[in-house]
Amino acid sequence: MTQIEIYLLAGAAMFCIGLYGLVVRPHLLHKVMGLNVMAVAVFLVLVSVARRVPGPTPDALPHAMVLTGIVVSVAATAYSLALIKRIYTETGAVTLQETDDDA
Amino acid sequence: MNSPVLWLDILVVVILILLSIRIFSEASLFKSVVLFIALGLFVSFAWVKLAAPDIALTEAALGAGVTGALLLDTVGHLRSRNVPYSKHRHAEDGTSSNA
Amino acid sequence: MPNNIERPRRAQHIVAVGLLVAVFVLLARAVLYIPMHDTGVASSIQDNLQISGVLNPVTAVLLNFRGYDTLLEIAVLVLAIIGVLSLQREGMLASGRLAPFADPALSLLTRILVPMMILIAGYLLWAGEKAPGGAFQAGSILGAAGVLVTLSGHVRPGWLSPAIVKIIIAVGFVVFLVAAIIPMFFDKNLLEYPLHLAKPLIILIETWLTFSIGMILVTMFISSAAPITDDYVRGDAT
Amino acid sequence: MLDLIQPQLPAITLAVLLFAASAAFLVRFERARAIALVAAGVQVVLVSWITWIVVGQDRVWVYTIGGWGAPLGIDLTIDGVSAVMMLLTAVVGCVVTVYSAGYFPPKDSYRLFWSLWLFLWAALFALFASNDIFNLYVCLELLTISAVGLVAISGERAALFAGMRYILSALAGSLIYLFGVALVYASTGVLDFDLLATQVSIDPTTQAGLALMVIGLLLKTALFPMHFWLPPAHANAVAPVSAVLSALVVKGSFYIIFKLMHVFTGHEMIPGLAELMGILGVCAIIWGSVQAFTQKRLKMMVAYSTVAQIGYLFLLFPLVAAADDIQTAVLAASAGLFHAVSHGLAKGAMFLTAGTIVKAVGSDRLEDMAGLSRLAPIPAFTFAIAGVSMVGLPPSGGFVSKWLYVSSAIETGAWWWAGAVVVGGLLAALYIFKVIALFMGSGKEPLQVGVSNRVITIAPLVLALMSLVIGVFGQPILDLLYPAVESLTAGMMR
Amino acid sequence: MSLLQLALMIAVSAPWVSAIIIFCLGETRHRTRFVIGLMGSAVTTSAVGYLGYHLAQGGAGTSLGIPLLGFTFGLTVDRLGVIFALLAATLWLVTTFYATGYMSHLKDKARFFGFFAICVGSAIGIALSSNLLSLFIFYEALTLATYPLVAHKGSQAAIKGGRTYLAYALTGGAVLLVGVVWLHALGGGAFVASGSIPVGLLDTHSTQLTAIFAMLIAGFGVKAALFPAHGWLPAAMVAPAPVSALLHAVAVVKAGVFGIARVILDVFGIEAASALGVLDPLALLAGFTIIYASVKALKQDDIKKRLAYSTIGQLSYMVLGLAIGTPIAIAAALAHLVHHALLKITMFFTAGVLAEEVKITRVSEMDGVGRRMPLTMLAFSLAALGIIGIPPIAGFVSKWGLGLGALEGGQVWPLAVLAASSVLNAVYLLPMIGRAWFGTPKPEWMNRPEQGSKRFEGSRLLVLPLLLTAGLGSLIGPLSFMEVSPTRWASAITGASSAMTVPWRSAPFLLDATGTLFLILACVVWLVSAFSAWHVEGQHRWRFRIFLLMAACGSIGLAVAHDPAMFYTFYAMMALSAYGLIAHSDRAPQGGAGRVYMTYTVLGEALLLAALLIGSLGTDSFTATLVDSPWRDLGIGLLLAAFGIKIGAIGVHAWMPSAYDSAASGVGAALAGVASSAGIIGLIRFLPGGAVDFPGWGSIVISAGLVAALFGALIGSTQARTRRVLAYSSMSQFGIMTVGIGAGLANSQVWPVAVSAVGIYLVHHGFAKAALFGADEIVLHSNTKRWALPVIALAGLALAGMPLTSGAIAKLALKESLGGLPGQWKTFLDVMLPLTAIGTTLLMARVLQLSWRVDPKQRGRSATPSAVAVASLAVLAFFTGMLLWVMPDPAVQKAVEKALGLYGVLDLMLPFVIGVSVFVAALVFVRQRAKSGPLANLCIPDPFIRATEYVDTALIIHRPKAAESGREPKNRRPLPSLDRTNIAESYLLTWPVASTLIAGLLLLVLVLTLL
């Protein structure tokens, strides 16, 4: 079990956990956190793939991808949280449940 | 060939997985967010282990820092504010602290 | 909030867990089959590093080799803040004060930390060219500093007029775009910096990006945290 | 001057859009609207020029950004298929811009609409041009956030919730897609489509990678079981936004699936995937039509009709898989793509005119619209024409795609797909003609119709007539599609 | 772009352009819209006209188009296409006038005229399209453009009608699409003269091709209203009248038939289609549809619905013709396309005028409307007669061609279908005409003070198109020999010889011996009855006179017409106009006798048509072709049945007594004397007696004749009214003549002698019967009874065959002709003939007795007979006696000598004496038994009359009761409520379920990777 494989498995596991959070937890914040955990999981896979290069400096391409990924996921999270706050101020709902009754 | 360094990696991975499971099994919102920030820090530690300093720095600053701050701000927003416009009035505060 | 909202229904919980465990098994299988030899482009990055104008491979890939990705990434960031601003009901950047009064410990901390953070941001920006660092890290620290200043009440968010805030937000992206277009006048493709100009251009882009990212992060906090005015406050604001 | 611009055309078009988007962010409503209109006009000119070049030199236009070439840098490739999709985006985009100019009252709450809309347009252009799977991820994100921003801009309760659903599912889809990209990069080491086509091999990692990418994109294209976010989003959004969402945004992720399935030879890589998508497509057609028929609100009905029509697009995959020679594969593929184009035009027209009708009648409910054709003849007529194209009756574009589907189904011997297409057409006729009958009937109480300005009545009509025109003069578009689809499927056939 | 291609382009695009202009004009500008509509239709008609002219000059066709989907979406000029395009264009021109008038007070005119123009544009597009794809595109455009017209009124019924129409049309379209694509996949689909199926394909892909053919026919069959898919046509009758007229009689439904024609002729080609064996089932289906639709039409009380079902039937005529596949049949079918269009559009126009002007929409309300709008109803009557197939109007020409085509193809059952459907057509159309002309009009229709004349037609815009189409419809029939007529044009398409398709031969008239005899009889008798009947009073004076003249010229034409079609034409004219005479007088119950007469006549006509068709396939004479045609016995049987009805053969004579009884005064003579004897002339002329012996047929005819003679005598002599006695006496006299004919049939040598004998007998009987009727008239109407009695006696004696009278000569001539019969017949006849003679004397005695003691109250009914009547009576008496003496005929000469000889006189006197004594005995016996009872109760009821009355009342019940209003069709339970799916959907929409589905699908696809 090399170091890379450990982190790869960790990535896969966290992806599923993040998906669990997104699917099961009704609170919108939990869902956003779930999304971030899934993002982190993917980045784990990418960076551990980068580590396969022998020698000190790993492959830079996945690193750039991860950096871009992090910025993008921050942007997305920022917008989602803003939307959650607006929904709360507008309707006081903190989950999507409200919508299902009167969908 | 379990060199000592490997043990550290296994430890980090186990912590990461436990943390993420704990985030989603935690009832209280505030506690989940705090755990999430902790997860962010450990992940940046993982990046350091995987020889990705740039990412570690960004993760710490953006992933843990900014996202964590935003989440905390939202939790605060959800708890402290009464709802002027909605017809649902929420008696007690946003997070129920159950055992 | 009726607390059954918090605990998901039992049946659905079990189904979800079952499914996700199965997915995990299959993902694990897929992940373990990843070939351990290097199939990436690490080697070609090393060769072209000299002509990319920067020494740090990550910055090189980010700003030169795959500059287009970063351009779109910045666009996403700008777009996110535009989205957040479009969600405001009462116009742009409410000018109300955020924190009612300065907490002595908080103000002391800000007074110490903010200068340091600005210094670190400057260093990171400069170091990004050779060592890990760069626009995003510097920007985020600058943003954190901005948030600290406004949250601690030292500065009223209305300090900068909304127009200027918007310009700062957009300037990073616009500069990057202009820098990308300039080579086209020298009969080169988009983002194909002329060799001798690569380094200065990248640094120019990085500096403006830092300011924009910083301002974007600050605005994210300020705009959506509706101003503390009397009728909203309910009990003590924690 | 012209020959200077010509080689840089793709970059210029993208730059124009991005500049306009950021400029529109900085200025007030009126000027932003002016910028948007100018950008739309320029965009149409440039895209048609690009299409002219691609057709003229009958080659795939590879534009290396940053001059680094495929493995290291990112390429923009524009072939027949992407040219057609860009043309569709340009045409529908231009009409939507003109329509929105007439639709929105110039008050401040909508001032950021133009910027979000131009960013969306830029994202679409980048997506259709990009040849790099990670770059596609960034484009998808740009597309998603701008789309959700546009949905939530109206600020009503329903729109906010719809936006929330949309962004959660879209981000989930993107992350699943990204995981797929990671796996593909892990196994092949390249991100560019052309290189992938040569280096991809059937091993668990690549298979899982493709599976994840396809699932992520299916979620973003709202194929049947995963369509839950589309109806509320498209129905509760503002009219021009729902038109753009149904006509263009949904096609973006479908286009990527199309390219992936061809580059990775999907039906060999994952046996049964093409058939699964076909079956889900058929379920989408039936479920979407049934739901559309039972809806009480006009825009919700049109949204469910989108769910149904998306089902049609995915019928092309099993047909291509079943094709034994290149000719029938090309026929099936061009059927799907032509349907994407004709549905784009028709659905765009239908949503825009639905917006006009709702604005005129004052309510979205169908019962309040009885006897509309007497008072608002042009919107009713436009709705009818768009409906005709949706049902796939001859003078319209829908008919051409239906024809291509049926002939390819017959040639490949898998006739049940043809059955699905024909039955789908009849089901569509059910809800379309229910509404048309309602318009022609006579309502209970006399209908008062508010005066609606010329622009928002004529713009949808132009789009609807275009969907009829491509029905009759569809051949040029097919000629544009054939070579590109041929080169894509050639790879698959090896 | 040659001039021809330009014209082609204009022809198709002009309607679309005018539609677009009309749409842009908006609702208010009526005048400009009318002008645009007119101009559009004019330009289109002239363009298509030029195409037709070019083709007529033998120019080559051309085509133009743009590439689409592997086909070219284009147009072509060929004869088949131009005929339909010309039809659509001209009728559009006519309907524009009509529609402007009709729509004057309805709303949404712009929408109406716009879509109207598009409909015609797509119809012309269908006509001129160059391959199956372009035809399909225009075909579906037609469906779309017709929907808003059907649902135009926006009422609940209109929307429902529209929905039904769409349901049928779209399903048909879907099936058609699959067929067209499948065919295209196999390589067919283009329109090539004799079929474009790639040569090898027929045997390799025969099952596929059959399936494709079935789909194409099903697709086009929906619009051509073939049986299972005809439901939409009656439902679409909610549309305004112009729509029903042009679209549901011409453009839309004909598009379906045109499609089928293209598929059979140009896509598959006749040989390929028959090789596949798909034509016969189609023919059977069409046949069934004809019968089914006609029966359904009977039940419809709503005018437009009845016309709709009639259209369904007529469309299936065309499909039947196409399915039979022989050149003549196809030419007839294509000609019928034009004929039916013109006739049916007139009827729909009339329905529209009736609905607009006098607000009647039901057949039961049509009483007396002819008095109110004579021109309109005249046009309607002409069209109705044409549809039934009464010569010389257009319908007959195509029906004739269809029959011949069927025979050419070696099939007989289409003949039966044609005959049956003509009867059914008559049964559901003639009552409409009957009510219109003979019904009693509503009072308020009559008083139109402000318009002056009592008759008040619809507005000019409505009536003129009506008259134009009716005129054209009736003219095309007789003028079908002209080059430009649809029949000739169609036969040029299929290469059938125009001799066959045009029923009337070039030299139809020939005068032979029996012809001259009958001619003299007809002229004299009609002259006399015209004199006596001319000054009849009552409001319908002119109507009566017209019918009288038509009947007269009918019988005169009959005498000289030798060509089967010409004979049939005059025969039909005489028979139908006789109805006018019978049903004229108000004495008869509401057309009771008239209706019975008409039913029998129509049946006779149909049988005659079938018989004549069998004999006229091929160029040589009728009898020659009949003798060596495979269906000889069938032909002879039909001939005997058809003419049997006319001469009151046993079993089919029920109409005779009531008809003669209720015939108007003075006309009875002509009817009895001439009209009925036309039957005998027909038998003589068309039975193939001379060439071959028909022992079987001979014996049947003889026995039928004898039975008729005896039966007539027996029943007749007990009748209470003189006219009924005379009727039965005619029946028995004709019985005797049939015996003569039977003898001729049985033995070919005897045929000429028998013919001339029967001819003499015919003339003698004609004059005698006419004299008797004349005398009876006088007895009934005037107190100068004294004058009439001697004449009755004289005529009676002649009939009984007293020596020195024409009767004697006729009887002897007949006996002569029977001489040649084989042994056992000869003896049998020697016994039977005297019996008939006794019967006749009995009848004559009865007549004398009745007219002697005619009771006063009957007499005073009408004005005193003019001197003219008396004079005419005298002339008839004279002819009876003297003429035969002069006859140069050899058989006559021989008969004369015998009559003079002692043995001859004795032979003649014996039956006379026995007859008189039997009568006296019966008289005495009756008086004893019933001291007081009136004589009438002794009358033996005629079983056949009972049977006919029973059938007649059944028909009445069968006929739609006025009360059966057009109740709303029970609306089917609304679609199974799909709302339950809403609940499922809303459940599906909830986030947890949806996202679990995502995870599930992700797992599913990953599992797929394992396989």
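Letters A, B, C, D and E mark the chains as written, and numbering starts fresh at 1 in each.
We take it that contacts are C-beta pairs under 8 Å (C-beta built on N, C-alpha and C of every residue); 3 or more make two chains touch, one makes a residue touch a chain.
Bear in mind the structure is a predicted one, so any value in this text is a computation, not a measurement.
Common neighbours of chain D and chain E under the contact rule above are A, C.
Note on connectivity: the fewest chain-to-chain touch steps from chain B to chain E number 2.
Taking the mean of each chain's C-alpha atoms as its centre, the chain lying closest to the overall protein C-alpha centroid is D. Our note on geometry: chain A versus chain D, Cα centroid distance of 27 Å, whole angstroms. Remark: chain A and chain E have CA centroids separated by 84 Å (rounded to whole angstrom). Rounded to whole angstrom units, the spacing between the C-alpha centres of chain B and chain D is 37.
Distance between chain centres (mean CA atoms), chain C to chain E: 91 Å. Shown for chain E are the residues that touch two or more other chains, namely 989-992, 995-996, 998-1000, 1002, 1006, 1009. Shared interface positions of chain D, defined as residues touching 2 or more other chains, are 134, 138, 141, 145, 148-149, 152, 155, 165, 168, 172, 179, 183, 185-186, 204, 207-208, 232. Looking at chain C, residues 1, 6, 8, 12, 16, 20, 23, 26-27, 30-31, 34, 38-41, 45, 58, 65-66, 69, 73, 76, 79-80, 83, 87, 89, 136, 220, 224, 226 sit in touch with two or more other chains.
The list of touching chain pairs reads A-B, A-C, A-D, A-E, B-C, C-D, C-E, D-E. Residues of chain C that touch chain B in their complex: 1, 3, 6-7, 56, 58-59, 124, 131-134, 136-137, 140-141, 143-144, 147, 217, 220-221, 224-226, 231-232, 234-235, 237-238. Residue ranges on chain C touching chain D, taken from their complex, read 26-27, 29-31, 33-35, 38-41, 44-45, 48, 64-69, 72-73, 75-76, 78-80, 82-83, 85-87, 89, 91, 163, 166-167, 170, 173-174, 177, 180-181, 184, 187-193.
On the chain E side of its complex with chain D, the touching residues are 66-69, 73, 107-108, 111, 136-141, 143-144, 147-148, 151, 154-156, 159, 162-163, 166, 170-171, 173-174, 177-178, 181-182, 184-185, 978-979, 981-982, 985, 988-991, 994-995, 997-998, 1000-1002, 1004-1006, 1008-1009, 1011.
Touching chain A in their complex are the following residues of chain E: 986, 989-992, 995-996, 998-999. Of all residues in chain C, those touching chain A in their complex are 1, 5-6, 8, 12-13, 16-17, 20-21, 23-24, 27-28, 30-32, 34, 36-42, 45, 57-58, 60-62, 65-66, 69-70, 73, 76-77, 79-81, 83-84, 87, 89, 136, 220, 223-224, 226.
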